[in-house]
Amino acid sequence: MDIRLENASLHWQQHCVFSGLNLELPAGQWTSILGQSGVGKSSLLQLLCGIADDADVSGTILCSDGRPLSGRVAWMAQDDLLLPWLSVLDNVLLCARLSRDRVSTEQREYGHYLLAQVGLGAKADVLPKQLSGGQRQRAALARTLFQDRPLVCMDEPFSALDAINRLRLQDLAAQLLADRSVLMITHDPLEALRLSDRVLVLQGSPARLSRPILPLGATPRSVRDGPLLQQQGELLALLAGEVA
Amino acid sequence: MAAIARPLCIALGLTLLWQCIVWVTGAPKFILPGPGLVIDALLDQLPLLLRHAGVTLAEILLGLTFGVILGLFSALSLITWGGLRRWLMPVLVISQAIPVFALAPVLMLWLGYGMASKIAMATLIIYFPVTAACFDGLRRTPTNYLKLARTLGASWQAQLIQIRLPAALPAFGSGLRVAASVAPIGAVVGEWVGSSTGLGYLMLNANARMQVDLMFAALLVLALIAVSLYFLIDWLARLLVPWQSDTLNTPLSGSGRNR
Amino acid sequence: ADKVNVLLDWFINPDHGPLIVAQQQGYFAEQDLEVSMVEPADPSMPPKLVAAGKADMAISYQPQLHQQIDEGLPLVRVGTLVATPLNSLVVLKDGPIKSITDLKGRKVGYSVSGFEDAMLRAMLEKHGLSLDDIELVNVNWSLSPSLISGQVDAVIGAFRNFELNQMDIEGHPGRAFFVEEEGVPAYDELILVINAKHRGDARYARFMTALEKATQFIVNHPDQAWQSFVSYKPDELNTELNKRAWADTLSRFALRPAALDSARYQRFGAFMQRQGLTKAAPAVDTYATTP
Amino acid sequence: MAAIARPLCIALGLTLLWQCIVWVTGAPKFILPGPGLVIDALLDQLPLLLRHAGVTLAEILLGLTFGVILGLFSALSLITWGGLRRWLMPVLVISQAIPVFALAPVLMLWLGYGMASKIAMATLIIYFPVTAACFDGLRRTPTNYLKLARTLGASWQAQLIQIRLPAALPAFGSGLRVAASVAPIGAVVGEWVGSSTGLGYLMLNANARMQVDLMFAALLVLALIAVSLYFLIDWLARLLVPWQSDTLNTPLSGSGRNR
Amino acid sequence: MDIRLENASLHWQQHCVFSGLNLELPAGQWTSILGQSGVGKSSLLQLLCGIADDADVSGTILCSDGRPLSGRVAWMAQDDLLLPWLSVLDNVLLCARLSRDRVSTEQREYGHYLLAQVGLGAKADVLPKQLSGGQRQRAALARTLFQDRPLVCMDEPFSALDAINRLRLQDLAAQLLADRSVLMITHDPLEALRLSDRVLVLQGSPARLSRPILPLGATPRSVRDGPLLQQQGELLALLAGEVA
């Protein structure tokens, strides 16, 4: 399912974050957005997820199947948003808990599986306040992966992780989200190039999107990939351009 | 427009409901007079009612002021001195558990039949909810704020005033709201125990004389005072915490306001 | 002028006629007295405050005086406002209860005064019944409403000059059984008490003189006295109920407020002791005197 | 050890304070009897007191249960239906502003002089603080939790029950505490207005008979009930929110517990 | 002032995070700690700052001047901890506001200067809830820099920033903290090598510190520095070693 955001604009009170913005999310592709801090990446994500409550928004979201997008997006926020009263496992299962039916044994097992995959197998039953920052982020990632949605929006999903865990979880996400449309915000050019089919840069004020950089080859790519390192230079130049 | 229309509608609706109750239950007028009778009495005796209402209002406001100040102060003391708290909290609860009525003779003995004893009574009634709410708010300060304050070298006063207190303001607001809603009761109960002025006196007096319509008129005035007070305090309490997100009007779905 | 601070037993009503009239007609001032009156809502408070020295004089009831003395309150009766019982057992006029015997198995409401069960017991005894034959229900401030609405079949503690008129105005006339006719010794309903340590204070003699004068004025000029009474608080006192009660109370004011009938007090003290409401019946002159 | 020693010390301290007040103010025993007299009366009349206390306790517990359930339910309804809220909130405040005393005769006449009217009274008194506190808690849910729930496709019931309600539990706890502390007053006031059993009746009766020592003994028993109730509820309320950090015992400086 | 942490141990309930740990923070040097998520870096920092309230801790902190360390550490937490009721500027000035004296005009001006330096000059008067994630972190950084303490402990201070801002703020921090002892936690090996005099890796369970890597030359170093890239490989190997 292709998704097109057309002529979108978003204002926080008087402040115009962007207007007349167009964004295309081709079906099954991984799109990454980079951009300076405060440029409006998270706002754009919230607009897409339909949760920019306090902002004045306009624009249309078109899905290629003609149905509305709302209810078909998974959102991973910039902060982890773990519910403090639920155990880590229950937080992962939140999507199932919030639906009308009881949580099935398979779902529970899948939750355990995901937690084990993100390295929190031993922490399933503790409360979120007993987790370290990176562990919280991993739990939030597991919760997002647990949801089974056509479009997955992730706001800096790996920012609090060490290099090793980051690579592992990137691989995991790439594998589990292989046939989904993904929109990821990140500050790490390498990460974007490693995982994405399309990399965009949001810059300026009001913000506009650059033309996409299109890394080649199957994801996740190796970080030692020659063309990838070259594109990193290109991307960094693009990013630096905005402050120049 | 809506700001005027809504209260009017509510008033009308309640009046209707009231009349219906009178009709349906067939309550005799010395138990529950219909709104017509009561409004008659209200208009008839307006000067009398206003005179007494003034006294009661003064008692309520003074009681509220003292109660809130005392409550806030107590909560701050309780949170500051852990030792004090463990000893004082049960005492406070006991003090709250003793109906003010029982204390009334003692209060009368000390403060006499004047305004002072009524204010003391309202203060006593307001005191505990405010203390409890503030204390509850103060003890729930996010630990990390306090850790931060410690590394910043804040003295305990600074921690209390600049970290714990602002963090507890929402809870303090709740306490204020409850206080505003019980303050009128405090004043009226005070007047019941001994007084020759005030709406409480008027109600009891009218009740004793079977002037039930006058009693309900006084009740009406009291309710009016109480409601105004509550919404005033509610508004103030909201002003107190501008950073607090109020999720009352959060949509259940949909995507923000459209221009 | 000497100040006298009087605590009434309850809100101002026709029972307080002589006091109010003396105030309004200036009889207190004539006696060089400056009298202030406070209306409490709990009749048990004023004697305590007088006993504690917080006020000069209080209005109380004779039965309560015996109990107060028994509990050690330093009080002395110096005058009488109403010299007969006002208390009565009231039933609906067209109700099923025609005599005290009909009360068997019925509910009787009362307003807690501490004295109601003794009174009822005496009344029932006279008709061969006991307290076990009825159900006592405390209805506190709703004597006539609870009777009219059928929650109870009779109420004790109703004042014959007040509740009867109240019920009549509401269209449910009542019928009173007078306690002194049904086995309870006669007593003074409303009396004036002072702290025992002020026994013999000359102010109270002057006070009683003013009161006597006011009573005479009331009896001689009932309508003028009514006007005078109402003028104290025109907004609140000028009601149909007060007017009727006034007429019924006129004849019950003590014409000689200062006079003391020791034998009557003695008799009633013995009754209280017999009923178990007091532990002892001390000599009358320890707790009652003429000023 | 400390769990027993502290209440004992507090009790002793209060008794001493009480005795001192009696000594200092020279209050006569028919206004404020000393602790010795009251304890005498307590022991003397223990069976009587216990019988009446049982009735009052039952009223309090039932009133508390109904009040809390109703309050919780109302708060949930208020938060769910924005329209309802705007219309109902003023009505609730009015209802709270009317002293239960004034309603008492009406209640008695409808519900009779039995237990029901007392429970209704306690319920009425408890109802508003619980409603206000819960409502306040419910409306302060962090917006982001609600946003998350929306993207997770939660229905409004699910949002209410699984997000707003748990987030409001600390506030609900505060409401419970206040409720626990006013519940005894509700029951006693109910008994004052019309009843022939219960501690409230006993107090009224003893007061009328000038048996001030018995009255204070009843008061003592009432206070005991109230305090036990409060600490029970406090403990329950704490159990309700295990995830909540309680910063009561956060040190003002220093570096954690040492082994 | 040299600081030595000796024989430190920290337990969360039953869980032993580390024990018998020794850490040296030489005067005026910048020390970085890397390590897997959840290994105990933040806990170690809290131990040093004296705020590990819920943990069972032991160990001694020795300062070369013989006085206790407490009150002489600035702590920048992993999450930003901006007080929601204070404007951004007041949050930066918090240290001054919490002291007994009134906030002086110089302090206020310095606060404005720092905010301008971290790129939040225009946001001085807004409430924290109106900031983006990266902006919040920058405000917290400004608050930490505002404090004038001999030891500065920072927990992933640049994690939410884009590449460009990150470099700028690293330079700023390096400049302003030149003569301080700094302990920084980071997940970015390049960042550690660029800024630090000593880089340590915390690994294992219970955790232990590796021997330090000592990058040469004046900080902040260029990211294109040859030896630095070589040390990055060494560091990555060290980090990877712990999962192998």
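In order of appearance the chains are A, B, C, D and E, and numbering begins at 1 in each one.
To be clear about the criterion, contacts are C-beta pairs under 8 Å (C-beta built on N, C-alpha and C of every residue); 3 or more make two chains touch, one makes a residue touch a chain.
For each chain, UniProt lists the protein as follows: A, E = ABC transporter ATP-binding protein; B, D = ABC transporter permease.
In this text the structure is predicted, and so the values were computed from the model without any measurement.
Common neighbours of chain C and chain D (ABC transporter permease) (chains touching each): B. Common partners of chain B (ABC transporter permease) and chain C, by the touch rule above, are D. One inter-chain figure worth recording: chain A and chain E are separated by 27 Å, centre to centre, where each centre is the mean of the chain's CA atoms. Note on chain placement: the centre of chain B (ABC transporter permease) and the centre of chain E lie 48 Å apart, centres being C-alpha means. Computed from the mean C-alpha positions, the centre of chain B (ABC transporter permease) lies at a distance of 16 Å from the centre of chain D (ABC transporter permease). Chain C and chain E have centres, each the mean of its CA atoms, that are 84 Å apart. For chain B (ABC transporter permease), the set of residues touching two or more other chains reads 31, 105, 109, 143, 150, 159, 192, 207, 244-245, 250, 253.
Contact with two or more other chains is made by residues 49-51, 53-54, 71, 79 of chain E. Listed for chain C are residues 42, 48, 52, 141, 145, 149, each touching two or more other chains.
Those residues of chain C that touch chain B (ABC transporter permease) in the complex are listed here as 10-11, 13, 38-42, 45, 48-49, 52, 54, 141, 144-145, 148-149, 166, 169-170, 235-236, 239, 241-242. Listing the residues of chain A that touch chain D (ABC transporter permease) in their complex gives 46, 49-51, 53-54, 71, 73-75, 77, 79, 81, 83-85, 94-95, 97-100, 127-129, 147.
Those residues of chain E that touch chain A in the complex are listed here as 12, 34-38, 42-43, 78-79, 119, 130-135, 137-138, 155-156, 159-166, 187-189, 236, 239-240, 242-243. Residue ranges on chain B (ABC transporter permease) touching chain C, taken from their complex, read 28-31, 45, 47-48, 104-105, 108-109, 112-113, 192-196, 201, 204-205, 207-211.
Here chain C touches chain D (ABC transporter permease) in the complex through residues 42, 44, 48, 51-52, 64, 67-68, 70-73, 112-115, 136-142, 145-146, 149, 151, 277, going by the rule given at the top.
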